[in-house]
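My structure is below; once you've seen it, I'll send some questions.
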């Protein structure tokens, strides 16, 4: 760090198992990727190439290599997995992972209906080849999942071989974990945490208010995802209690 | 493309007459322009240098050249045309187009009152020198234009020599075609489309919800404008049914 | 400028004492800084490295040097000053300013309680070493400061040695000068201006609507702060009456 400030919370260092930041790349240029690696490489653990942007992005292999060489794990968004599955092209999807040297993959069912045991089979099968993140939640605002069901889904997906489960928000941060106002469904999150260790969950929290909320609840080393790359440095200051939003939290109470 | 997905809608290729994406550059650096060309050059047909940003941007000629060399048509925002007209400097405006080697121009009356036959004369006069886009609609929230009037204005401007007419939204996407909530005035758009072929209209749709709405109504190859450059790749996935928002549209119904 | 438009308001030139634009850098890469200097260097007078982002940003000295070499004054956000003070590390803070060759600093009390005479002592002490900006207002939505109090605070801080006082908004632009809706507290601003010369105040105005509001009230050469770097060129057009929002203001009335 550039100078010494006393009494800061203990932030985990890379390679981390908790306090993960997953950034969302939705089409950055290679030069922008280099810039983000230079400024924020120490603070980003995983990058998701959002939904199916990898289909249209022209320098895909170069981008994947850039991230991997910087020690950042990279995977293709879950919507792409679904786009292959709904076309009965799952085997092609495996070949794509292989061709581009991907070591991580996401399994989700946010855009299509999938029986849960089928989803768990996909998780299991993929987990033989790559490290799997599986996403729980719905992109459909009408589909409310009750807390006990979230817990059951998460537990089954972890048992099936998922490394982490992801608590779904859409990119804009307004469904799944969040009410349409963007507000976090607090009771839901607290109930989940009584059953699933927080290290095993990555909470999608693209908006600052959501990041603050999770950091206040779970602490500096909560796993957060779908962070805009240029918001990673601001997020790091929130984790450290160095932005107004969390300025007092650790001074008075200490961190978890 | 980086891999094969079956059963995608047929997307037009450059040079296109429909399915145009017009991006809005409001002051990007030359290096950012290079980056956008590298990542999204195949998906951008036209770039508007927003309103009068060209007045203060320091490397204007270099920027125009960069776009033109990449096969992208570039023009100065309509507000600049109006800024010249309201100062009785229209002849100076023609010289600016000439000096910078511009082959496209926009005629609008969003910020000033202009009799419609006068506007059509400007379109006609400019169309002898450059390809003209003309913008219909108002930046003034209080001025509601009824559907039959939109149709009449569009038809007259096309007859006067406009290559395409633009359905106006402000940069933020909240007047003209849109209610102040950002919601599209659906009845208006549907009525216009009964009279004016969709290929002749570029709909300004800076916000994702608007892009989705037009793509669902008109199809993958609708012309869309005022797209933030970094949103061009996301837009391309929406056009292809590869983002949650349009994931099911073509699978069940096929595209227009 | 790239071409001549008649009848524009008189914009001050660098080095300016009024019409200042203060941009907020919350973690830009060095290459992005170079880009902003190239496109907007003439329009930016001061850069704030937002709150404590300087703690986690890896190339801090290089960034500070880049700005200084371009003739732009740079300082660390007030929240960082407070983070040192609340830890009883004020002397360390002075050493940080010295180590990085900083010639500007901000004093604020937005995140912590501080007696006003204590704040003024900090201003006075710092003003012996650097040029001081002091921030008036609160980051706490519940703390409403009445107009006469704003005036008294501003006057005392200027008397204590502040070069300019800053009218506080949070980065998102929704407290202090602004109601939670983002609307400006007009009566407050007008009352302040009866007592404090507008040259002495920098108004934080991160949102376009706020920028427009201040420019309409005070004129082209109002001091504005917390501007996103990529919004500096758009802001410059608003100052000049070359965007729809202020298109008519100077044509009819002339500018202040």
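Think of it as A, B and C in the order they're written, each chain with its own count starting at 1.
Rule of thumb we're sticking to: contacts are C-beta pairs under 8 Å (C-beta built on N, C-alpha and C of every residue); 3 or more make two chains touch, one makes a residue touch a chain.
Just so we're clear, the structure is a prediction, and the values are computed from it rather than from any experiment.
Enquirer: Quick one: compare the interface residues of chain A with those of chain C and tell me same or different, with half as the dividing line.
Expert: Different; most numbers are used by only one of chain A and chain C.
Enquirer: To lay chain A over its twin chain B by CA atoms, how big a turn is needed, in degrees to the nearest 5?
Expert: 120
Enquirer: Per the centroid of Cα atoms for each chain, what is the distance between chain A and chain C, given in Å?
Expert: Taking the mean C-alpha position of each chain, the two centres sit 35 Å apart.
Enquirer: Indicate the residues of chain A shared as contacts by at least two other chains.
Expert: In chain A, 31 touch at least two other chains.
Enquirer: Help me check something: in the complex, which residues belonging to chain B touch chain C?
Expert: For this pair, the touching residues of chain B are 26-32, 50-60, 79-80, 82-84, 86-87, 89, 92, 96, 99-100, 110-112, 139, 170, 172.
Enquirer: Can you list the chain B residues touching chain A in their complex?
Expert: Counting only chain B, the residues touching chain A are 1-7, 31, 35-36, 38-40, 42-43, 208, 230, 232-234, 236-237, 240, 242-244, 247-248, 251.
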